[in-house]
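Lettered A, B, C and D in written order, each chain numbered from 1.
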Amino acid sequence: MSFPRLARDLADVGRRFYERGWVLGTSGNFSAVASARPLTLCITPSAAHKGKLKAADFLPIDDAGRVRGRTRGKPSAETLLHLEIVRARGAGAVLHTHSVWATMLSDRHLADGGLAIEGFEMLKGLEGVSSHQHREWVPIVPNDQDMTRLSALVRDVLRKDTAAHAFLISGHGLYTWGRTIAEAERHVEILEFLFEVVGRSADLRT
Amino acid sequence: MSFPRLARDLADVGRRFYERGWVLGTSGNFSAVASARPLTLCITPSAAHKGKLKAADFLPIDDAGRVRGRTRGKPSAETLLHLEIVRARGAGAVLHTHSVWATMLSDRHLADGGLAIEGFEMLKGLEGVSSHQHREWVPIVPNDQDMTRLSALVRDVLRKDTAAHAFLISGHGLYTWGRTIAEAERHVEILEFLFEVVGRSADLRT
Amino acid sequence: MSFPRLARDLADVGRRFYERGWVLGTSGNFSAVASARPLTLCITPSAAHKGKLKAADFLPIDDAGRVRGRTRGKPSAETLLHLEIVRARGAGAVLHTHSVWATMLSDRHLADGGLAIEGFEMLKGLEGVSSHQHREWVPIVPNDQDMTRLSALVRDVLRKDTAAHAFLISGHGLYTWGRTIAEAERHVEILEFLFEVVGRSADLRT
Amino acid sequence: MSFPRLARDLADVGRRFYERGWVLGTSGNFSAVASARPLTLCITPSAAHKGKLKAADFLPIDDAGRVRGRTRGKPSAETLLHLEIVRARGAGAVLHTHSVWATMLSDRHLADGGLAIEGFEMLKGLEGVSSHQHREWVPIVPNDQDMTRLSALVRDVLRKDTAAHAFLISGHGLYTWGRTIAEAERHVEILEFLFEVVGRSADLRT
């Protein structure tokens, strides 16, 4: 798919996520692979309003996170994490969101190193999962403002938890991905749904 | 009503349910009877985004769950459950949704075999119910990836609980139906409302 | 204001309330005074979808609840309650909604005969209230399918609690009113907001 | 930016906040600086529906809170608070909202004089904050219908808590600001998100 088409599709994702309150206050960032060799990522600019993205706002970056060609604009601060995921998983699209339930669960389960979700039909929306009996382990990495350090942590998690469809950063939010933008968006919807179920169920147990 | 008209009406239902978060991540499926003899069901294709359905996406299936005429597309995996309901209840439309509250309640009350809802004015939105004093029993069947086994369970429940307007599959979601698409949609709205009331009330009691 | 204009404004109110989930499953009903002498009420038809109302759906009824002129259509079953409110309060518009929080609070506080709300700035949105220190008493009447009996109960409450801006019917929903449709809609928004605040605060206290 | 452009941008903010339920029942008010010398504020009229604002509804007021030029319309009752904030912070825009979570938290933490929020990535959406380890102190002032007294309280808080990006009025709502309307809107989204996280987490701890 062409760069403008990917940018337009990611802008549409932004509008839907903004309406659900998953990318408030310019939070979150999105990318898609526009070219595999040499690697070019179509990525959201830094600090943009995610409900009002236009295709022209998106930036082409190379495999070191530098803006290709033109110099206008600054890519998302978390560009390096997108590149780690593309490299480790061969993802075609990476989506990062900040929801209330993901923020809460990522804090509450940080000490456990992750969160297990099991027994729900919705798990079948995750690529390759064929039964509700699947146990999805969502690793949680501690938050860090040093992107080099955080990238290294993420790289380790992606290597160790090879079956994971996503990871959380504590007090921060969700990263998930897919072969296509549609698959990555489906993963966000599935995981946010399950976070709400798990979060509300914990309310009941206490 | 013609097949294209039913397909368009079901696509509209999909948009409304998607906005409320009841069919996230391509979950849920919808059908309507396009012809009674021979039975033809207009049904959602497998794994479709329920907020972006177009009339042309829908498939005509026969009473064995096979796609009629053309071979393009694959019907929802849960087609057999739709057929069980149409046969047992003479339904004109069947709607299946995955909401947060239905997921939670269907797990919590599985051991009881179902969930009783009683005393609410909203119950009168269920066809044939004329008083809030009505006691609606919503049977819950355990989830199963084997559709033949799950169909048999559903058939038993529909035979046993003849007054039920709906059933839940544990950790999975809601099935309800009506003579028309509008009646089935009304049943979804009524039941999802009541699930939220019952779910939140339980929060208070603990 | 003319009958068609009132009908259009009430249809718009219906769309907004439907989006917020306050009139799901064809629940709720709305009216406005089209003529004072002889009394003509512009009212929603029975069992209509409140998110899809058209001006032509509304019915003109007289002070006994009979449809004027044409015979097509059937007014809301709760027409008598609208007439009681118009007579007792000189209201120009009456709105009835079914929300999750109103349903829960009307059950929980039925034994107290009502619910006191005090100390919130939002109370100033109720007509004539000029301080957050105002104590609003929302009477609760038990639900009844016999409209003559329920009307009598409502008449008593309106006579006794002359300062009340609204009342609840247990397990059922909210009735409020205003001189205009806009004022009545403002009252619904204010009260639903406060019900959610009071309901969630109770969650915290248990 | 011109007065009509500021008015149009504030009207758009109103529509978005209305959809999220942050300015129900005509609550809330918004302003932006149209001219610095002499000071002219573009402000919402008193008691307007925040989801239906038109640019022509906005009023120009001077540094004493009087409407400039024309006499039609009445500015928001809380105009004096907007002026205090513009003077103390050099703000270009001031936004005031009434949400369920802000109402609850402003009551619950009034005795502490404020609410500390710490450890969340979303804090970085507040101007000048560069780490999730930031501790944001949101002062809470008791509500008062006497605007002169309340203004004096707000002036004191703005002088004392010079790092604060916002303050709460108890049982009432949020005031925040920014150099531009976009920055102020971002602050509202960030703070409302964090209030919900903090409020729901408290539910879990009890």
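Everything that follows uses one rule, which is that a contact is a pair of C-beta atoms (placed from the backbone, for glycine too) under 8 Å apart; a residue touches a chain by one contact, two chains touch by 3 or more.
These numbers were taken from a predicted model, which means no experiment stands behind them.
Peer 1: Hop across touching chains from subunit C and tell me the fewest hops that reach subunit D.
Peer 2: 1
Peer 1: Since subunit B and subunit C are copies that touch, just let me know if over half of their interface numbering is common to both, same, or not, different.
Peer 2: different
Peer 1: When the centre of a chain is set as the mean of its C-alpha atoms, what distance in Å lies between subunit A and subunit D?
Peer 2: Going by mean C-alpha positions, subunit A sits 31 Å from subunit D.
Peer 1: Averaging only over C-alpha atoms, locate the centres of subunit B and subunit D and give their separation in whole Å.
Peer 2: Distance between chain centres: 44 Å.
Peer 1: Going by the contact rule already set, what residues in subunit D reach two or more other chains?
Peer 2: 203, 206
Peer 1: Pick one for the touching-chains graph, please: line, ring, star, complete, other.
Peer 2: Per interface graph, the chains form a ring.
Peer 1: Can you identify all of the chain pairs that touch?
Peer 2: Those chain pairs which touch are A-B, A-D, B-C, C-D.
Peer 1: Which of the residues in subunit C come into contact with subunit D in the complex?
Peer 2: 20, 119-122, 125, 130-133, 182, 186-187, 189-190, 192-193, 196-197, 200-201, 203-206
Peer 1: Taking the touch rule as given, give the residues of subunit A at its contact with subunit D in the complex, in rising order.
Peer 2: Interface residues on subunit A, with respect to subunit D: 21, 24-27, 49, 98, 100, 103-104, 107-108, 143, 145, 169, 171-173, 199, 202-203, 206.
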